[in-house]
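The same chain A turns up in both complexes below, where it pairs with chain B and then with chain C.
The block that comes next holds the complex of A and B.
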């Protein structure tokens, strides 16, 4: 393990930076001197989750050369899986409280009907669909966070890689998968509340009395820990012999195949592993966001993911982290009205309207002129012998 | 000559006297019934009026129905309109106008029942009215509320009907009325048999009306009723529905729903217990039923109907459906006719579905054909293609702001949209794509960045709400073959446009110098360059051509859907799939891909018509699987052109 960090000094630097950042945020938070508001802690926690999925995206795209436009779907699935438990458990608590006031104790059927009515009333139903079969068990739903994205990626990847779908065709295919999933979730009879999505996820059952400040800090730590573990895991995957094969697949797939490697297995492994990590990132993200709906999974989200990684710098894990953090924080600063409007005299540039234009164009500029992204700047700091 | 004049004068002057009666005198005979009509007495008046054959009768009946008839103190009737304290009178016979004070007149106000009777009588006058519009209105009013009385006048009016369309409609309507109301069963059966070829919604409604059933329950199947079929609880109907029939017929005690059990238990809590069961234990249905049974045994609540009681009660009775129509011969004929109609309707729906699918396929084709050139022929993946479609549509919208004439504005918009998006495409090729020719993934991302920027730009300029792109009036409406098969003109126009484009693209690529050069540059840029072709110029023009076509497609799509900044994004994934499924690098492949996707989507929608989202989901899943088995698409290129 020692030698792993010695061979990958950037991982060590990253972990140190993340640790310092976490400590700094703790001191500045309401638990410390109270400089940062709870909602800002949530934004930071969410950003860490986005950094985690960006790292996963970097591995699958920057290292393995598969431009997947579907990883945000896995992220969303993770969010839905954990959201189902959160929503079920919280509604159950509310329903039990209200039924306890009655003279006769409720039957299990009555409880389940009342919960169903609460959750599915918005889509005109009160029946529990099959996908909610395990919603009462936190353990099983957490298992889903890993299993569902993993299995979906495994099946999809197996089909796609087996028939040698590569390059832009694979991108379009993954995008189609994402579109299919989000269209499916938009239906009212999908069993996941259609376009209402799942809401109230910021209320954690069992911690009703705990203030949001504490909960958000806890999620911030969890996200930081997940990012640290995920980063180390991926740094380990892309280093060593396996890492070399993966990078070789990116550079010349046929040549690797002719050397006797089973390219499909490597690609499948990377695709599935990154999908699972994406699911975990989603499971941590949405309790902080409080709401998940199918629009989050729309193909555009996955493309933004690629944008972050490209701006941050492909093929270097810290680049993905920088890209995701930089662009998503900048994005919320611009769209949240944080950026001052520019008065040109004849026209006022309102950044909530013009941010996307700027992002799109700067993205084109990065692709054309800085293919290494922001992370490429580090090459000037560290001169390799 | 003189004698002729004399005769005419005599005839004109004394005509009322010479003829049997005039309208006023007929009314005077029945003065009391006209002044204060009752539902029974009014018929005598109406019969006499009908027999008289006078021309003013229909107008008079209309006025009578509208409470516009007034009676003077001397008993004479007038048609009159109120004007303050005066009346504008119209003489019933001569039509002479005059004005008089209201004081001498009483208004005749027939009640609702009488007005209906008058209305029915009026129909036969209107059916033979010389004015076509009036006859059409009369026929429409019969169709709205058919009843038995209208059959005879309708049949009588068929033969003298001069208008062929209206006569056909009258025959059809008479058939419907005969099927329901004709005097003898044979007439009704004959009418029903005539309807076996009629696929209109009305005909099906009439047949279904004849075949109306109501559920019944009795100890035995009744033999004096027209029984449609025996129902078996559990198969044809749910046990609960069957039991509620029994309850409704008073043959069994009602079941106690869980809510009522609960309420009964709550009402009888006695010292923390209900019939010896502690309240705390009442949290399962079994314990609740036990407690309820305890209460029932003590006689404090009606006894519970257990599932076995329910099954026993259901086994003791026969459940069946009875036709409201008593004659089995008629219901059999109606069943035969309906089966035949439904076969025809199904065939018609298949054709209609195919037409729908064809128009959807042409929309996909239009959206994808530009992409087939940039992506398929040049291999450049342009994620901003959808935004070029949007740009074309907004061009159409802007043109309509300046040119109010819709036909002219479309004619101007089509080439202008081509010019605008051609320019945009060439600019983009020069500035961005040229630098990325051998890095397809980066092209995808860069063009995606342009797509975000263009979309937001459109939002900033035109706002987020949908903008209308109005089609010319001659494209409104639909081409109706029958009640089942119809297609709107706009869809036909889009189909025609798609065909024109197919021909145009094939012509440009296969028959022109430009097409030859495009194909040469696509296959081997180096060799093409050495033959004196400028690959850069050709790439620029090809990309412009593909983008320009997207702009024209945008105008077409905008006519059919709303123009929003997101409309391009709605089509981009489908467009790419059309090209990929069809086979890259081949216009025919795009056509095949668009047809496959269009027909597939409509087919899936037909299986689950309530849910178009599900149809799209399943279609995408199908395409993902399809690409597994034919990775090169339907029309795969062979040989050197197929090299990646």
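The block that comes next holds the complex of A and C.
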């Protein structure tokens, strides 16, 4: 393990940076001097989750050459899986409290009906759909966070890679996958509350009396830990011979076949592993966001993900982290009214509208003039032998 | 010398054009064989068929001591069965070091999980050093292979073939774009390799083929036109008409 860090000094630097950042945020948070608000801690925690999925995207695209424009679907599935338990358990608590006042103890059926009414009332139903079968078990729902994205990626990837669908055609297929999923979830009878999505996810059952300041910090730590572990995992995967082979697949797939490697298995492994990590990132993101709805997994989200990685620098894990953090924070600054509008006299540039134009232009500029992205700047700092 | 590869009655057409027409060739082990022929004679298609890139319409391809049919096997399975291929254009992985290129080609388990948990072994490192010495790239092991010269890339690719330890090496125009010194080195490499295994060289350059000093097969319009020593085939009137005379 020591030699792994020696051979990959950037991983060590990254972990140190992340550790310092976490300590710094703790000191500045309300647990410390109170400089950072709870909502800002949540933004930072969410950003760490976005960094984690960006690292996964970098492995699948930057290293293995599969431009997946559907990885946000896996992120969303992770969020839905954990959100179902959060919503169920919290509603169960509320229902039990209100029924406790009754003189006759409620039957299990009555409790179940009352919970169903609370959750599915907005879509005009009270029945529990089949997908909620395990919603009462935190353990099983956490298993879903890993299993559902993993299985979906495995089946989808197996079908696509086996038919040797590559390049832009594969990208279109992944877009279709995430679009189909989002359209399905938009339907009221999908069993996941249609366009209402799942809400109230910031309230963690069992911690009703804990202030949000503490909960947000706990999720911030969990996100930082997940990012650290995910980063080390992927750094290990892309170092050594595995990294060699998947980079070779990116550069010349058929040559790798003639070397005797079964290219499809490698792509499938990378695609599935990154989908699982994306699911975990989503499961940590949405309790901090508080709400998830089908719009979150619209195709555009996955395209943003690719933009982050491209701007940050493909083929280097810290580049993906930089890109995701930089662009998503900048995005919330611009669209959140943080950037002052520019009055040109004849026209006022309103950043909430013009931010997307700016993002698009910077994407084009980075692709044309700095193909290595922001992360490429580090090459000037570290001279290579 | 026993028969290693037997191609019999193979035909393949692309949109009505017969690229390979009832082709039959036998390769022994060990053997060095040169395949020559005019452009469009089907030399590259012949290699595509053997390595599984192109499926023939008819014919049989029998491989090895157990007489296995190569038809229906995937590219990676054929490669693992012991057939290595060097392309016309040097295709090494330019982003990676010479050492990484060779390490990937080494004859080790190819499954994704065994590669994921791969440990660099002493034996592997020794084998890489041995091959690097053979192809004259010992000092370049840590260099990015994209920075190599054209000739060095060709050697690296031959080295990757040797690392695969195949029983049959298919080499497409190894001397293209090389200086005469580099050619001499390449000839030596191929001749040495052919002492223990079968090596099939597709080449345009007659001088290079002469230096290989081996049995020659002339392809024309997808089938064998003549076979024998270089002097024998170059004396053949049909060969002169279709290939040399022009």
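Here is the rule we use: the second predicted complex is superposed on the first by the 385 of 385 C-alpha atoms of A that agree within 3 Å, B and C clash if a C-alpha of one lies under 4 Å from a C-alpha of the other, contacts with A are read in each partner's own complex, and residues count from 1 in each chain.
To be clear about the criterion, contacts are C-beta pairs under 8 Å (C-beta built on N, C-alpha and C of every residue); 3 or more make two chains touch, one makes a residue touch a chain.
What you see is a predicted model, and the numbers here were worked out from it, not measured in a lab.
Engineer: After lining both complexes up on chain A, report clash or fit for chain B versus chain C.
Structural biologist: In the arrangement built by aligning on chain A, the partners chain C and chain B fit side by side.
Engineer: Who does A:356 touch here: chain B (first), chain C (second), both, or neither?
Structural biologist: first
Engineer: Vertex at chain A, arms to chain B and chain C: angle between C-alpha centres to the nearest 10°?
Structural biologist: 100
Engineer: Which partner does A:251 reach: the first (chain B), the second (chain C), both, or neither?
Structural biologist: second
Engineer: Could you say whether A:266 touches chain B, chain C, both of them, or neither, answering first, second, both or neither?
Structural biologist: second
Engineer: If we overlay the two complexes on their shared chain A, which of chain B and chain C does A:167 touch? Say first, second, both or neither.
Structural biologist: First partner only, chain B.
Engineer: Determine, under the contact definition given at the top, whether A:237 touches first (chain B), second (chain C), both, or neither.
Structural biologist: second
Engineer: Looking at chain A, which partner touches more of its residues: chain C or chain B?
Structural biologist: B
Engineer: Quick check on the superposed pair: does A:337 touch chain B, chain C, both, or neither? Answer first, second, both or neither.
Structural biologist: A:337 sits against neither chain B nor chain C.
Engineer: Taking the superposed arrangement, what is the smallest distance in Å from a C-alpha atom of chain B to one of chain C?
Structural biologist: Superposed model gives a least chain B-chain C C-alpha distance of 5 Å.
Engineer: Chain A touches which residues of chain C in the complex?
Structural biologist: Result: residues 51, 53, 74-76, 79-80, 84-85, 87, 91, 93-96, 100, 103-105, 110-113, 115-116, 118, 120, 142, 160, 164 of chain C touch chain A.
Engineer: Which residues of chain A touch chain B in their complex?
Structural biologist: On the chain A side, the touching residues are 67, 103-110, 156, 159-160, 162-165, 167-169, 171-173, 175-177, 179-181, 183-184, 186-187, 189, 299-300, 303, 306-307, 310, 353-357, 359-364, 367-368, 371.
Engineer: Give every residue of chain B touching chain A within the complex, in rising order.
Structural biologist: Within the complex, chain B touches chain A at residues 258, 262, 265-266, 269, 279-285, 288, 381, 432, 435-436, 440-442, 444-446, 448-457, 459-460, 569, 573, 576-577, 580, 611, 613-614, 616-617, 620-621, 623-625, 627-629, 631.
Engineer: Residue numbers of chain A touching chain C in their complex, please.
Structural biologist: So the residues of chain A touching chain C come out as 237, 240-242, 244-245, 247-248, 251-252, 254-255, 257-263, 265-266, 269, 385.
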